[in-house]
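One chain, subunit A, links the two complexes that follow: it is found with subunit B in the first and with subunit C in the second.
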Partner chain A sequence: MDAYLGIDVGSISTKGVVITKNNHVIAQAYLRTQGKPVQAIKELIKNLQMQTNNTKIIGAGTTGSARRLAGVMIGADVVKNEIIAHALASSYFHPDVKTIIEIGGQDSKIILLRDGIPIDFAMNNVCAAGTGSFLEHQATRLGIPIEQFGNYALQAKTGVTIAGRCTVFAESDMVHKAQLGISTEDIIRGLCDAIVRNYLNTVAKGKNIQPLILFQGGVAANIGVKTAFERALNEQVILPEHFLVMGAIGAAILAQEYVSENKTTKFAGFRTADIKFITKAFECKDCPNSCEVIETFREGQIIDRYGDRCGKWSENT
Partner chain B sequence: MKIGIPRALFYFRYGRFWQQFFNHLGIETVVSPKTNKDLLDIGLKKVSSEICLPIKIVCGHLEWLKDKVDTIFLPRIVELNHGLYSCPKMIGIVDIARMQVGNQCQILSPKIKNNFIFAHFLLGLNLTKNPYKARKALNKALPYLNNHKTNVFDNHKPKILLLSHFYNLEDDFIGQDIKAAFIENGFAITTKEVLDQTILNSANGFAKNIQWIYERELYNAFHYNLTKVDGVCDIISFGCGPDSLVGEIMNQHANQNKVPFLQLIIDEHTSKTGLVTRIEAFSEIIKRKTYTTDLHK
Partner chain C sequence: MKVAFPCFGYETISLKNFVENLGAQVCLPPPLTEKTLSLGTKYSPELICLPFKITLGNLIEGLRAGADTLFMAAGARKCRFGYYHYIQETILRQVGNGHKFYPISQYTPFEFFFRKMPSIFSVSPVRVITATYLLLQHSALIERFRNYIRKARILDFNKSRAQEKHALELLEHAKKLSQIRKTKEAIDKLFDKTKIIPDNTIKIGLVGEIYIMLEPFANHDIEKELGKMGVWVWNQRSLYRHLKHLLHIDHLGIKYKFQASPYLKDSPGGEAINTVGEARSFIKNGADGIIHIYPFTCMPENIAFEALQKMSDDYSVPLLSLSIDEHTSQTGLLTRLEAFVDLLKRRKMITQKPKIQNSKIKT
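What follows is the complex of A and B.
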């Protein structure tokens, strides 16, 4: 069977899917990037290979903050940003979608669609308060597994106000409220409300949020945040079936678009998992701009170089 | 006498005029090099962290100039065209410069308040004590006040209006990555610098409410181009008060007219990766939009 591979490498997690030409998901994997994207991508590929025995990958796409690295490693046909990937996947599964709320490990975005086409978007600009890594940190601090964090918010009797503008202040506020004797459940609900407030005020500010509203990305797994969104927006917020891997599905759909036009794939095959990749960075000292140049090596051979302003390194690969 | 001109802020509009003017007065000028990371890092250490990126950059240029010249030229542009004001940080930059490098060199800062040309004549007179020479130098330099930029449009490409102050966009250190990303995504770029001053300073419609010189230019350029381009990208330096207000107005007007609008906020922490992601997504939105409107025709 012919299939398409999509990979989404984010700051916190690495996601991958294999889909058929009808966009049916036949394999998916979600694992932690843990600061080692090369390792994570290899494991992901191994994992997906085990799930898909009789399929032939005829197109591959990557997205996420490490899309470029993932793209060179697996030989992707398309390397696209996560906004378009999320928009495409969402409008396939929910053709009526008008708003996508996506909160990941370190960024959050809003995408507006009309008639299935993305028309506007915004990403958090100078601050990442209220994204996944902060929630995770708070869960660890309170000794609650992140998977159950949202359920605590649902058991709250009342909400308390937590300052959501800055994570450091939010944490001081949580500590202070706990010292006043307020229950953990109420504080967690307060935190979920603060995250939603911060998102609506800084990321989604001024945007026309209309139903159907989809909520995806890692934080969507937190039922507390989902209900906080519903309270704030007074609308139903829907979690798509594959909310964790929507970006990866989008990348696979993009690969499919590409292959149907170009009839060929650059995909290097699942053997990527066994090849040795090294990434290095150095600061070029040839001019005062001191660009940080990133290099990727496959078995000792340089395959990609970028990060220079003038292009003299990136052009020579 | 050797006069230093920082290649920052006003330089990107008046720099050629000033160089010609001083040269015809017989005064040697030194212009600091193009902004680079070193200059920025020096500036960062000298100035309040709350201030906007272009001011941080100019402070780096002052530092570079201070031991190479005896005088730094930095005019205090307060008001132009009656009722149009400069931003407070630009009015105050002279005082920042005095605090920073004032004990190492002179700061030459004529105050310009609705008298741009006459203020320069007085400056020339002061420097040479010769009214004839001052007037001659001014006349020779005046043609360089006009913009000489023109658009080269490839009609097959979608057009994007890059909106930002000249001291952001014309400074390659800030503007180059953004321009390059749009060109790479297949766009033809236009900016407000190619427009005539009569369009930029027009007080018609909403623009009459805006009393900051350069904000009015932004709004007028936006309004003029709204029906001529496929998308608008507004580039704001973090902490710019006037930009945050006018940017929001333009955003709303663009939405009403269904023109895709992207706002990029920049400061010294801005990463190229973040900019490229946003520009790539924005480009895709414009292209997919054109594609479907064509389908419905």
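What follows is the complex of A and C.
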């Protein structure tokens, strides 16, 4: 069976899917990047290979913040940003989607679509308050598994107001509220509300949010944030079936588009998992710009270079 | 006298030639790098806007390179730029020793031509006026070159790199009027005018704060990156226009003020009114999207942002807003640019289809 591979390497998690021609997900994997994207991508590939025995990958796409590295490693046909990937996947599964709320490990974005076409988007700009890594940090601090975090918010009787503008101040505010004797459940619900408030006031500021609203990305797994969105927007917020791997599905769909046009694939095969990849950085001293050039080696051979302003390194690979 | 002033995009060349025409030696600080920025950040108030940090860092580098006279642009308009020179002068007095500091454009044209410049450079007012005339001519040439290179990048990006290098060398040596004229001809020849930009090229209007817009280091070379993606960048800001504004002969400014009027009646300070006016006129001329780029915590541009959002809704033209500070990462910026361009491309593909169908029905 022919299939397409999509990989989404984010700051916190690495996601991968294998889809059929009809965009049916036949295998998916989700694991922590843990600051080692190369390792994570290899493990992901191994994992997906085990799930799909008799399929042949005829196209591959990557997305996410490490899309370039992932693309070079697996030999991707398409390397695309997360926004287009998310929009494509969502409009396939929910053709009438008009708003996508996506909160990941370190970024949050809003994508507006009309008739299945992305028409506008915004991403958090200067501040990453209220994204997944902050929630995770708070969960660890309170000794609650991150998977349970949302349920705590649902058990709250009333919410308290937590300052959500800045994660550091939010944390001090949470400590302060706890010291007043307020229950953990109420504080967590307050935190979920604060995240939503911050999102709506910064990322989604001035954007026309219309139903159908989809909520995806790692934070969507948190039921507390989902209900907080519903409270704030007064609209139903839908969690797509594959909300964790939507970006990866989008990348696979893009690969499919590419392959149907160009009829060939650059995909290097599942053996990527056993090949040694090294990434090095050096400072070019040829001019005062002193650019930091990043090099990727496959088994000692240079396969990619970038980061230079003049282009003399990146052009010679 | 060794003169230093902060780098300002390609326009640095115009300013350098201006000072040299006044008979002073220019001790140009090194090009802007991360070191400049960290030096500037070290001595700056924490939440001041990015241009302050960059220019301060660059001035300090100038001092270290041996300059004894520093020039800094200064605005008397309603934003923090008007206070730059007071603070920078104080900071520089602590960092350097025995240098002179002149906030240049704060003076009225009369003061500039007849009092300040003649006394600083000990030359006659006539020479100041001649040098300023040449500065205007040279910066007009830079503006011309900018317009050429924007098109050249779409046609052949790799070739445009060589063209850019060559043109900048030519511009460097254009000091006298005759040289400027020759350079103009040479630059006209360098860029092939017969090639036309394809109709389906994505056109993006770039608006925002002038320093961030014109200094490639500050904006992470946004114009080049967009050019690489095949986008035709429209940018109406230049030193030439800014100089004309200072001399009260900037007719474009009046036009943009009029264009901005439905959204912004009066200038809230800085260049906000230009930002809004330019954006509206870009949209009217068929821009596919608007990129608004400004320093984080910039007051006037934040006001302009609100107006731009309303405009983007009214005309349904997408707007990408980028606020830049020293923590802005190149990767993050590129992701946003790439996504924005993709969005415009997909939009264009869809909006163009019905038109073709309609015309078929008519015929």
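Simple rule for what comes next: the second predicted complex is superposed on the first by the 317 of 317 C-alpha atoms of A that agree within 3 Å, B and C clash if a C-alpha of one lies under 4 Å from a C-alpha of the other, contacts with A are read in each partner's own complex, and residues count from 1 in each chain.
Note that in this section a contact is a pair of C-beta atoms (placed from the backbone, for glycine too) under 8 Å apart; a residue touches a chain by one contact, two chains touch by 3 or more.
For clarity, every value in this text was computed on a predicted model and none was experimentally measured.
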Fit-or-clash call for subunit B and subunit C when the two complexes are aligned on subunit A: clash
Partner chain(s) touched by A:119 [first = subunit B, second = subunit C, both, neither]: both
Subunit B versus subunit C as contact partner of A:80, first or second or both or neither: both
Partner chain(s) touched by A:302 [first = subunit B, second = subunit C, both, neither]: neither
Subunit B versus subunit C as contact partner of A:206, first or second or both or neither: both
Partner chain(s) touched by A:166 [first = subunit B, second = subunit C, both, neither]: neither
On subunit A, the residue positions that both subunit B and subunit C contact, one per complex: 65, 80-84, 115, 117-121, 123, 125-126, 206, 208, 287-290, 309
List of subunit B residues in touch with subunit A within their complex: 36-39, 173, 176-177, 238, 248, 251-252, 255, 260-261, 265, 267, 269, 272-274, 277-278, 280-282, 284-285, 288-289, 292
Residue ranges of subunit C in contact with subunit A within the complex: 30-31, 33-35, 158, 161, 221, 296, 306, 309, 312-313, 316, 318-319, 321-323, 325, 327-328, 331-332, 335-336, 338-340, 342-343, 346-347, 350
Interfacial residue positions of subunit A with respect to subunit C in the complex: 65, 80-84, 107, 115, 117-123, 125-126, 206, 208, 287-290, 309-311, 315
Interfacial residue positions of subunit A with respect to subunit B in the complex: 65, 80-84, 115, 117-121, 123, 125-126, 206, 208, 287-290, 307, 309
